[in-house]
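Letters are used for the chains, namely A, B, C, D, E and F, taken in the order the chains are written, and counting of residues starts over at 1 for each.
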Amino acid sequence: MRSSKRQFDEMRPISFERNVSKHAEGSCLVKFGDTHVLCTASLEEKVPGWMRNSGRGWVTAEYGMLPRATGDRTRREASTGKQGGRTLEIQRLIGRSLRAVVDLQALGEMQITVDCDVLQADGGTRTASITGGWVALYDCLRWMEARQMTTVSKVLRDHVAAISCGIYEGQPVLDLDYLEDSSAGTDANFVMTGKGGIVEIQGTAEGVPFSEEEFSALMALARKGISRLVSLQQMAVS
Amino acid sequence: MRSSKRQFDEMRPISFERNVSKHAEGSCLVKFGDTHVLCTASLEEKVPGWMRNSGRGWVTAEYGMLPRATGDRTRREASTGKQGGRTLEIQRLIGRSLRAVVDLQALGEMQITVDCDVLQADGGTRTASITGGWVALYDCLRWMEARQMTTVSKVLRDHVAAISCGIYEGQPVLDLDYLEDSSAGTDANFVMTGKGGIVEIQGTAEGVPFSEEEFSALMALARKGISRLVSLQQMAVS
Amino acid sequence: MRSSKRQFDEMRPISFERNVSKHAEGSCLVKFGDTHVLCTASLEEKVPGWMRNSGRGWVTAEYGMLPRATGDRTRREASTGKQGGRTLEIQRLIGRSLRAVVDLQALGEMQITVDCDVLQADGGTRTASITGGWVALYDCLRWMEARQMTTVSKVLRDHVAAISCGIYEGQPVLDLDYLEDSSAGTDANFVMTGKGGIVEIQGTAEGVPFSEEEFSALMALARKGISRLVSLQQMAVS
Amino acid sequence: MRSSKRQFDEMRPISFERNVSKHAEGSCLVKFGDTHVLCTASLEEKVPGWMRNSGRGWVTAEYGMLPRATGDRTRREASTGKQGGRTLEIQRLIGRSLRAVVDLQALGEMQITVDCDVLQADGGTRTASITGGWVALYDCLRWMEARQMTTVSKVLRDHVAAISCGIYEGQPVLDLDYLEDSSAGTDANFVMTGKGGIVEIQGTAEGVPFSEEEFSALMALARKGISRLVSLQQMAVS
Amino acid sequence: MRSSKRQFDEMRPISFERNVSKHAEGSCLVKFGDTHVLCTASLEEKVPGWMRNSGRGWVTAEYGMLPRATGDRTRREASTGKQGGRTLEIQRLIGRSLRAVVDLQALGEMQITVDCDVLQADGGTRTASITGGWVALYDCLRWMEARQMTTVSKVLRDHVAAISCGIYEGQPVLDLDYLEDSSAGTDANFVMTGKGGIVEIQGTAEGVPFSEEEFSALMALARKGISRLVSLQQMAVS
Amino acid sequence: MRSSKRQFDEMRPISFERNVSKHAEGSCLVKFGDTHVLCTASLEEKVPGWMRNSGRGWVTAEYGMLPRATGDRTRREASTGKQGGRTLEIQRLIGRSLRAVVDLQALGEMQITVDCDVLQADGGTRTASITGGWVALYDCLRWMEARQMTTVSKVLRDHVAAISCGIYEGQPVLDLDYLEDSSAGTDANFVMTGKGGIVEIQGTAEGVPFSEEEFSALMALARKGISRLVSLQQMAVS
C-alpha cells in the first residue's frame, strides 16, 4: 500500500489551467496533486548570439522554486548568488525535452523561453514542468499563429510529457509524491512524445542498485502514465 | 479621467486569499487588481547571528518577481547572480514596515521570514506585498498560538498596510496601476498602521518637482485608502 | 537639548571645497560637520546602451564608503563581491535627485557620473552627497562650457540639496549627526530644489509610528535647512 | 562502419595508471582512448556540517576540464566565476555513482573527495571519470587500511564503472568518441556495479526520439562494456 | 631631462598628515607629489580563524582606488563584483612589507588592518601606501600604548618605506610619476627598512630586458630615496 | 646541507615533454623534479577588444592548480567563484615574461593563450610555468609556420626562462623545492632571456630582511640556472 493510498499505477489528480498570465504569450498553471508549477512561454524576436543569422529559432527553459514551495524554507537562489546544480540540471532537461518536439527551422529566428516556477512542491516538479511547459509553449505558438507569425502544426511536431516512477517498498509505482520519493529505492523520470517515442530517461538507484527487469517495469508504468498525460493535454488545449 | 476609468480616490479590486500554501505557517495571495503577490510567512526557531541570546526575535522579508510577471520578460535574478537595487530596496521596506507593528521582545528568539513573490505585476507590487504580507504574518502567529508558542495579540500590535498615490494629469489619484504609474508626474508610497500612524513615506518627483500642497493631497488620499485596506484585512482574518 | 548641543533648527558647519581632484572635470569635498564626502563628476562622451541615438544624455551617481569611514571598520564592498542594499539605495537616490534639475536633452549624448565617496561618516552621508554632488556636477558643466561643449544654464535648471530631520527626544530637529540619528524616533530625508520644489521625501519611523503633524514639522525644518544649503552652494560656486 | 573504425561493440583502448600523484591518498590516470582523466582521492578527517555526529562518512566528487582539453579552448571556470550546469551535473553523477558502492557507515566520520580533472577530452569524460574514480577511491581506502583506519572490503561493497552508448547511423554502438557522439542520434550513459546492478541510466534523444527496443539494445551493449571495464579495474588493482 | 623637471635622484615633495580620521586608531594622509593616499589603521581584538589561540597577532592591508583617482574614470571594484589582480597584488605587498617590521608575537592576539585608499593617483601608489601605512600603523600602536595594551617599541622593530625607480630615456631615475612611468623602460619597486635591510624587490622590464648593472643603479637610487623617506617618517611621528 | 641533498647550485632534474595534447597548437609537460606543469598554447584568430585594428597580436597566460596538486587538498577556484590573488599574480607574471620575448607586431592580429596547469606541486610552479610555457609557445608558432601563418624567428626574439633562489640556513641555494621554500629566509624569482637580459625580478624577505650582497649572490645563482634551462629548452625544441 502506497502512503498516498493510490493504486501502484494511479497518478495524482492532474490539471492544467491556461491563460493564467496577463502578460505572457502562453501560460499554464499545472498541478500534479499538491505540486503546482506556473509555466509561462515568452516570445522574443531575437535568438542567442551563437544562432544569429542561422535562420533557426530556439526554445529554452528556466526553472525556479519559490523559497517556501518546500516543507522547510529554501534559501532564495537570487540571494545565494547562483543557481544550484539541481536547478541547472532540471532547466536543461526541460529545454531539451521541449526542443525534441519543435522544428526550430520552422520557428524562424525567434526565441521562446519557457519559465517554470514551482509555487508549491510535493515531488515531481520537473515532470510537471515539462508537461505543463508544453501547454504554455502550445499557447504561445497559437498566439503567434493568430498574428500570422507562424503555423502551430508546422513548428510543434508532437506532444511531450513526463512522469516519474519508482520502486516503493519493492513495488514499481507511478508518479511519486514527496513522501514516497523520499523512501523510494529507485527513482526514474521518463520523457516521451505523443507518439510514444522516448526523449529522455533518467534512472537513479537510491541505496540498492536495480535490475533491468525492474527498470522495464518502471518504463511500462511510465508509458501508461504519459499516454494519459498526453490525453489530458489534448483535452486542455482543444 | 484616469486611464483605468477609476475615480481619483478609487482603489482597484482588492482581495486576500489565505492558506494558499500547503507548507508555510502563514500564507496569503493578495491581489490589487492585476497585481498578484504570493506572500508566505515561514517560522524558524533561530535568529540571525547578531541577535543570538538577545531574547528578541526578528521579522524579515524577501521580495522577488517571476521573470514574466512583467510586460516584457525580465532576466531572472538567480541567473544574473545578484538581486538588483530595486529588489533590495523593496524587501528592506517590507521588512521595516512589518517590524513596525511587531513586538520583537514578545516574539522571543524566533525568526519569521515573509516572502513576497510577484506572480503578476501591474503597478503597486510593494504596497500589495506589505498589505498581504501582514495577513501572512498574522496567520503565522495564529499557527504559533495554536501550538502555545505565542499570543498573537501580544506580538502583533496593530495592522499595517500600504498604498501608492500619484499625480496623474495634474490630479492626485489613489492606487496607480502600471500604465498610470508610467505617466504619473509624482509617485508616492505610504505605509500606515491601523491606528493611522505613519510608518514610512516615500515620495519621488518624476520630471517636475512637487509642492507641499500636492504632497498633502496625496497623503490624504493614502490615509483613506489605507483605512479601507485595514478594514479588508480585518474582514479577511476574522 | 540635543547631544550635539546644537539648536533644534541648527545645522552643522557646512563647507564645500572645490577643485580637489587633479583629474575630474568637476569635484567637491563637502563637509557636514564630521561627515566628509569626496564628490567627483566625470564626463564620458557616450551614454548607456539603452539611450544610444536618443539624442539625450545621462547623469548617474555611485556611492561608496571607505572601510574605516565608520566607527567600526566596515568590510570593503569590493572584497565582499557586491554592493549592499543600502549602497544601491543611496546611489539610486543621488542619481534621481541630480537628474531632477538637469535637462538631459540639452546635455546631449554624454554621460556624467558623480562619484560620492565617504571619507568620514557621522550621519547624513546621503544628504551631504546630494548637496556636494550638485557642486561637482556644476563644475563639470562649467568645464564643458569652457570648451564650448555646452551652456551651464541650459543644462542645469536649478540647485538641488538635501537634509535629514528627525524626532529626537520628542522634538523635531534638523541635520542629525550619527549619535542623534541612532536614538531618533523618526528619520526623514528631504531633497528640494532651489525654487523650493520637492524632489524626494523619505520618512521612516524607528520604533513608534509618527503623525502627519510631526511630519509637517520635519518638512518645515527641512525647507529652512535646504534654503540655507542652496545659499551656501551659490556662494561656493560664485 | 564507425568513423573510429571500431566494431559496434568495441571499446577504445582502456588503461589505468595508478599512483600518479605524489600527494593524494589514491590516484589514477585513466584513459579511454584519447580521453584522459586524472582522478585523485583525497581523505579528510571531517565531514560536511550537515553530517556531523552522524557517525557516517561521505564520498563526494568534483569535475573539471583543463581549458584546452577540448578542440577549441574553453573558458576557465575559475575565471568565469562559476561552474557551468554541465560541470555540476557531471560531478553530481560521479559522486552518486561512487556512493552507490560505498558503505558510509563503515567508512566512519571521514570524507573522501574524488577530483576528476580532464587533461584531454575526446568524448566519454564522465564515464571515464567514474571508472577511474573508482580506482582512485580504492587506492585511498587501501592507504587507510595500511594505517589501520579502515578495512577496504567493509567499506567498498563492489566495483562501479560506466560507459556511453549511442545510435550511430542507425546502429547501436559502444563507447562513443567525440566525433561519433556529435553525430549520434541518441546518447546514453550507463553506470553499473560489478555484480551487474544498475546504478544510473541517462538516455537522451538528439533529434529523433528513440524506441524501447533501441534502448534495450544500448543497455545490452553497455552491460558488455561495463563487464569488461570491471575486469580491467580488477587487473589494475590486483 | 625628466618630464617632471626633477633631478634624476630627486623625489617629489613628500608629506604625511596624521590623525586625519575621527574614527581610526591610526591614520595618515600621505602625499608623494600628486599621489594622495589615505591610510587608516584599524584595530580589532580578534585574529583570522587560522591564527586563533596561537598567541600571535596579525597585520594585514587592503588597497583601493577611488573611481576617479585616475585620469580616466575606472570602474568601481565594488560594482564589478571583485577586486582585480593588480589590487590583490598590491595589497598583498603592503601587508607583507608592514609585517616585515612587526613582531607578531609581541602584538598578541589582535589584528590591525591598514586600509590604503588612493584619493588621487599619479604613479607610485603602492610605494606611497607602504610608506604612509607605516605611519598609520605606528599611530595605531601609540593609541594602544596609551591604553596600556602594548609597547610600541616592542611590536614595531623598525621603519619600513618604499620607492619606485625606473630607467627613463636610458637614465636611472627615482620616484616616477605617472607620465614617466608610462614611458619608462624598466620599472622597479623597492621596500627597505630603516636599517637598510631589503624587504621586497620587484623589477619588471617594459619592452627591453635590463642588465644587472642597470638594476644595481636602480637599487642605489632606491636606497638613497628610502633613507630620506625614513627620515621624513621620523620627523612626522616625533 | 640542503634537505633535498642537492648541491647549493644544483637544480632538480628538468624535463620537457612536447606534443602532449591532441588539441593544442603547442604543448609541453614540464617537470622541475616533482613539480609538473602542463602547458598548452592555444591560437585564436582574434585579439582582445582593446587591441582590435591595431595590427598587433597578444600573448596572454592563465594559471591554475588541480585541487590535489598540493599536500593538502586546496579548494577548487571554479567552485570558490574566483581566482585567488596568488593565481592572478602568477598568471600576470607568466604573461609579461613571455611577451618580453615576443614581437607582437610581427605576430599580427592573433592571440595566443598559454595555459599553465599544475598537475603536481613541489615548489617553483611559476618558474616551471614560464620555462615550459616558452616551449609550448614555440611549438604553437612552429604550427603556425607550417601553415605559412608566420615565421617563428620573426615573432620569437629569444628564449625566456625562470628559476627561484633562496637563502636556506644562511646559504644561497638554487631552485627550491617546497620543503626548502617553506623554511627559506628569503625567496626570489628571476626571469631572464637567452641572451642574459633580466625580464623580471621578485625578491621577498620571509622573516629577516636581506642585504644587497645576499641578493647579488642569489642573482648569480639564478643566472647560472637560467643559462642551463635555456640550453635544455634548445635541446628540447631542436
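Keep in mind that, in the parts below, a contact is a pair of C-beta atoms (placed from the backbone, for glycine too) under 8 Å apart; a residue touches a chain by one contact, two chains touch by 3 or more.
Remember, it's a predicted structure, so these values are computed and weren't measured experimentally.
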**Request:** Give the rotation angle, in degrees and rounded to the nearest 5, that superposes the C-alpha atoms of chain C onto those of its identical copy chain E.
**Result:** 180
**Item:** Distance between the centres, which are taken as Cα means, of chain C and chain A, whole angstrom
**Value:** 50
**Asked** Approximately how many whole Å separate the CA-defined centres of chain B and chain F?
**Response** 59
**Prompt:** Got the chain F residues that touch at least 2 other chains?
**Reply:** 81-82
**Topology of the chain contact graph, where touching chains are joined (line, ring, star, complete, other)** = ring
**Asked** In what order do you meet the chains if you trace the ring from chain A in the direction of chain B?
**Response** A, B, C, E, F, D
**Request:** Going by the contact rule at the top, pick out the chain C residues touching chain E in the complex.
**Result:** 21-24, 27, 34, 38, 40, 42, 44, 62, 64, 66-71, 73, 76-83, 87, 113, 115, 117, 119-120, 122
**Item:** chain D residues within the chain A interface of the complex
**Value:** 82, 84-85, 88-89, 91-92, 96, 100, 188, 192-193, 195, 197-205, 208-212, 215, 219
